[in-house]
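Please see the structure below; I have some questions.
Chain nomenclature is as follows: A, B and C, assigned in order of appearance, with residue numbering initiated at 1 for each chain independently.
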Amino acid sequence: MAEKKVFEKGKMVPVPSVSIIPERDLGKSPILECSHLGIDFGGLTAVNEFNITVGRTEIAGLIGPNGAGKTTVFNLLTKVYQPTRGTILLDGLDTHGKTPAQINRMGIARTFQNIRLFNNLSVEDNVKIGLHNQEKYSMVSGILRLPKYWRQEKAAHERALELLSIFDMQHMANYQAGSLPYGAQRRLEIVRALATNPSLLLLDEPAAGMNPSETAELMENIVKIRDMFQIAIMLIEHDMSLVMGICEGICVLNFGQIIAKGTAEEIQSNPTVIEAYLGKQQ
Amino acid sequence: MKKLIGRIKGLKKTTKVDFATYLGVILAFVLFTVLRDRGLLNRSITGMLVPICAYIVMAVSLNLTVGILGELSLGHAGFMSVGAFSGVIAAQSLQAAVPSAPVRLAIAILVGALFAAVAGTIVGVPVLRLQGDYLAIVTLAFGEIIKELINCLLVGCDSRGLHIAFNITGNLTINDIGMEPGGMAIIKGAQGATGTTTIASFTAGFILIMLTLVIVLNLVRSRAGRAIMALRDNRIAAESVGINITKYKLMAFITSAALAGGAGALYGLNYSNLSASKFSFDTSILVLVYVVLGGLGRMWGSIIAAAVLYILPEALREFADYRMLVYAIVLILVMLATNNDQLKALAGRIIPKRKGVSSNG
Amino acid sequence: MEFLSYLISGISLGSVYAIIALGYTMVYGIAKMLNFAHGDVIMVGGYISFCAMSYLELPGWLSVVLAMAVCTVLGVVIEGLAYKPLRQATSLAVLITAIGVSYFLQNAAQLIWGASPKGYTPLVPALNAKGEPNALQLFDGQLSIPYLSLLIMAVCIIVMVALTFFTGQTKLGKAMRACSEDKGAAQLMGINVNRTISVTFAIGSALAAVAGVLLCSFTTSLMPTTGSMPGIKAFTAAVFGGIGSIPGAFLGGILLGIIESLAKAYISTQLANAILFAVLIIVLLVRPSGLLGKYVPEKV
C-alpha cells in the first residue's frame, strides 16, 4: 500500500503502512489507524511509536510478555488514558479529545481484563445497558411510561435475548450478573460490548481462566461474531493456540514498542519474538 | 380470577414488588384515615401523619441518591430546607390570589421542588466529579451553608409584592425590609417562618408519596435508571458502553433534590412556626438512617423504616428519659444484626433464605 | 495588631480542630470509616475532666490524665463492641453504627450530667490572681496572647510531632501504615490487624480527651452536644487537608480555625460557618483529594 497522509496537530505526517490487512478488506478503508501513538506516565514511556492499521472485518491479535503495555494500548484506544503523542483514526475520524463514552458511541466497544460487569443487576439489564444509546426515549417518557417507552423497552428486551443467544445464555437473562460463573461473566461482557453496536470490538484476554475446551468454543464464537456482525475484532491474549488459530494479523509488543507484525507463521518464525518470549539463545 | 392470578405470577419480580409497594401505601393511607376519622388515633399520632409522609418522601428520594446512584449524601435536609422555605413563601404570598388551600399547597410543593432542583443543580454540577467521602463532605457543607443563609433571610409580603432582605450583619429586623404597615412577615431570620397558615394535610402527603414512588420507581425501571445503576456498579464499564456519566449522575441527584424540596414544602406548611435549625445535619443523618435500615435501593424498605423509626421515639415514651438511649441501642443492635456475617448466618438458620435474584427497588 | 490577635485566636482554635482531626484521620486511614462518634468522645473527655476537677477536686493536669485514661478505654470498648463485628460490612453500615454510638453517648451524657450547660474552669484561667489578663503582652500591651492559646498551640505541635514519629519510626506505627495500605497483605506479614485497629482507636480517643479539655477551656462551657459541631468541623478539616494524612489533618485544622476566626471578625458572625464550608467546597473542587491528599486513579 502506498503511504497515506493524515492530519495530525497541524502538520502532515506519513502513516507507515502495515501489510496485515486480510485480502477481503483491502479494497475498503481501514477501521482503525494508529500512528506514532504513545503515552508517558511521569518519566516512564509505557507505549511508544505504536503504529497499526486494522481492516474492516479483521481479527487482529495483540500479544507480548506481561507488562509489555498491551492493556495500555486498549486504554489509549478507548481514551481511558489520553495519549501523550500520536493520533488514532477510527473509520477515518480523529478521536482526539474524546471521552471514553464518546469513543464508544463512535464505534469502539471493549471488555476488561478484570471483568467489569454491573454485578447487582440482572444479565438482561447488563445487556440493555449496552443498548442504552440505541434506545431513544427520554427520562420523562420513561417516568410517564408513554407508548414510546413500552415499544422501545419491548424491542430492547427482544434484542437483549437475541444477543444473549449468541452464547446460548438467554435462559440466564434473569440471573444476577455477579452470581454467574466466571466463564459466563466473560461471555456476558462480550455480549454487553456487542450490544453497543460497535464497528471495532476490543477483547482483553477473553480466554483467561478458561479450560481448553471452553477456549476452543470461544475461538469459534469470536469468528462467528465477526461473520455475523461484519466487524473488526482486536484481542489481547496469552493463549497462543487461540491467537495463532484465529488472528489474521498479529502485532507483538515488548516494553511498549512493536517488535513484530505479521501473520501467524511470520510471527512464529520471527527471531526477535522468540527472543522476547524465551530470552536470547546462548 | 385464575387467569388474573396467572397473569400476576407471570409478571417480573420487580414489577410485583412495585405493585405491592403502591398497594401497601394505599392500604396504609385508607387504614389511618379510617382510624383517625373514628377517633381511634391519639392526638400525638394524628399530629405525626403529615411529618411521616414528608419523611417517607425524604427517605425514598435519598434512597435514589444513596441506593441507586450510590453516592453518600449528608446534606439532604438542605434541600428539604430550601423546599420548605420557598414553599412557605409561595403559599403565604399567594393567600389572596389563590383562595383554595389544596391548590395553594400544590403550587407550594411545586415551587419547593423547583427551588430545591435549582439548589441541586448548583451543588451537583461542580461537585459530582468528586467521589466517595469527598462528595459526602461537600453535601454536608452545603446543608450547613443553607441553614446559615436561611437564618439570615428576612421575607415579607405586602400589596406591592415580596420584600426580601439578607441580614448579613445581624442588625436588621423584619421592620427594616420596607414593607407597608399592613404587610405580612413570612420569614424572620433566625426565628424562621412565623405565622404560617398550616394547609398541609394527610391526603396531600399521601398523594405526594404516590407521586414520588411513581417518579422514582419508573425512573429506576427505565433506560435512565439502568444507566444510573450502571455507573453505581461500575463507573468505568458504564463509560465503556457509552453512558454519559455526568448527565445521569446529575439527573439522579437533581430528581432526588426536587423530591426532597416537595417534601420540605409539605413539612413546612404543617407548622405555623418553623426555623431553619430544624433542617440541620442531624435531620440529614436521620433520613440516612431510614434509608440504610430500610435497605439500599429498596424503596418499600425506606417507607417502612421512615414510618416505624419516626414513631419509635413516641412508642418508647414509657422509657421516658431513656427513650433516645434505647433508640440508639436499637439502632446499633439492628445494624449489628443485619450486617455481621455470624449473626446473619444465625438468623439464616431460623428464617429460610430467599432464593433467586436480589432485586433493586 | 487587631488582625494578629484574630489570627492567633484562629490558630489556637484551629489547633483544637487539628487534634480532633488527627483522631478522625488516623481512624479513617486504618479502618476506612468515618467515626461519627469521635466528637462525642471529646464531650465525654470534657465531662470526665470537669468531674475530676469539681467533685474530686483534683488538679487540672491530673484531670486531663484521668480523662485520657477513661476515653482510651471508652474508645477501645466502642471499637470492640460496635465496630469490630462489622469489619466485613459495607462502609455505610459502619457509618450508621457510628451514628448510633454518637446518639448513645450524647443521650447517656444527658442522663448522667443533665442537658443544661456546665461552666468549665479553664486549665489556664483567663485572669490571674491579681485580676490581670493571664496573657503574654507584646508591643507595649498592644498585642495580648492568652497563655491558654500558647498552651493549646504547644500541645498541638507536641501531639503532631509525636504522632509523626510514632507512625514513621516505631514498629506499631509501621504496622498501622501497613494495615492502612492493605489489611490482607499486612495480616499475611504477621501483623495482628485487629489489635492494630484497637490501638489506633485508643490513640484517637486519648487525643479526643485532650482535645475535649482544650476545647472546654476555650469555650468555658460544657453540654452533651458540645462535641458535635467541633466534631463535624474537625472532620471537614481532615478532609480539607486530605483524609488519611497526618500533616493534612494538622494543616486542615489550623486553616479552618483561621478562616473561622477571620470570617467572624471581618465578614459576619452569622455566616462564619457558611463561609468556612464554602471555602472547603472551593478547595475540594480545585484539589479533589484535599490539600495534601494523594489522588489514586482506579486501575483499569
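Some observations on this one:
What we mean here is this: a contact is a pair of C-beta atoms (placed from the backbone, for glycine too) under 8 Å apart; a residue touches a chain by one contact, two chains touch by 3 or more.
Quick caveat: nothing in here was measured; it's all calculated off a predicted structure.
Central chain by Cα centroid: B, whose mean Cα position is closest to the mean of all protein Cα atoms.
For subunit B, the chain whose average C-alpha position is most distant is A.
Computed centre separation for the pair subunit B/subunit C is 32 angstrom, with centres defined by C-alpha atoms.
Distance from the subunit A centre to the subunit C centre is 51 Å, each centre being the mean of its Cα atoms. In whole angstrom, the spacing between the mean C-alpha positions of subunit A and subunit B is 44.
Residues of subunit C in contact with two or more other chains: 300. Among the residues of subunit A, those in touch with two or more other chains are 80, 112. Listed for subunit B are residues 236, each touching two or more other chains.
The touching residues of subunit A, when paired with subunit B in their complex, are 78, 80, 99-102, 104-105, 109-110, 112, 116-122, 125, 128-130, 132-133, 135, 137, 139, 142-145, 149, 152-153, 156, 174-176, 179, 192-193, 195-196. Considering their complex, residues 28, 34, 36, 82, 85-86, 88-90, 92-93, 95-97, 99-101, 103-104, 107-108, 110-111, 228, 232, 235-236, 239, 243, 267-271, 273-274, 277-278, 280-281, 284-285, 288-290, 298, 300 of subunit C touch subunit B. Interface residues of subunit B, counted against subunit C in their complex, comprise 66, 72, 126-127, 129-131, 133-134, 136-138, 140-142, 144-145, 148-149, 151-152, 167-170, 235-236, 281, 285, 288-289, 292-293, 296, 321-322, 324-325, 327-329, 331-332, 335-336, 338-343.
Considering their complex, residues 13, 214-215, 218-219, 221-227, 229-230, 232-234, 236-245, 251, 297, 356-358, 360 of subunit B touch subunit A.
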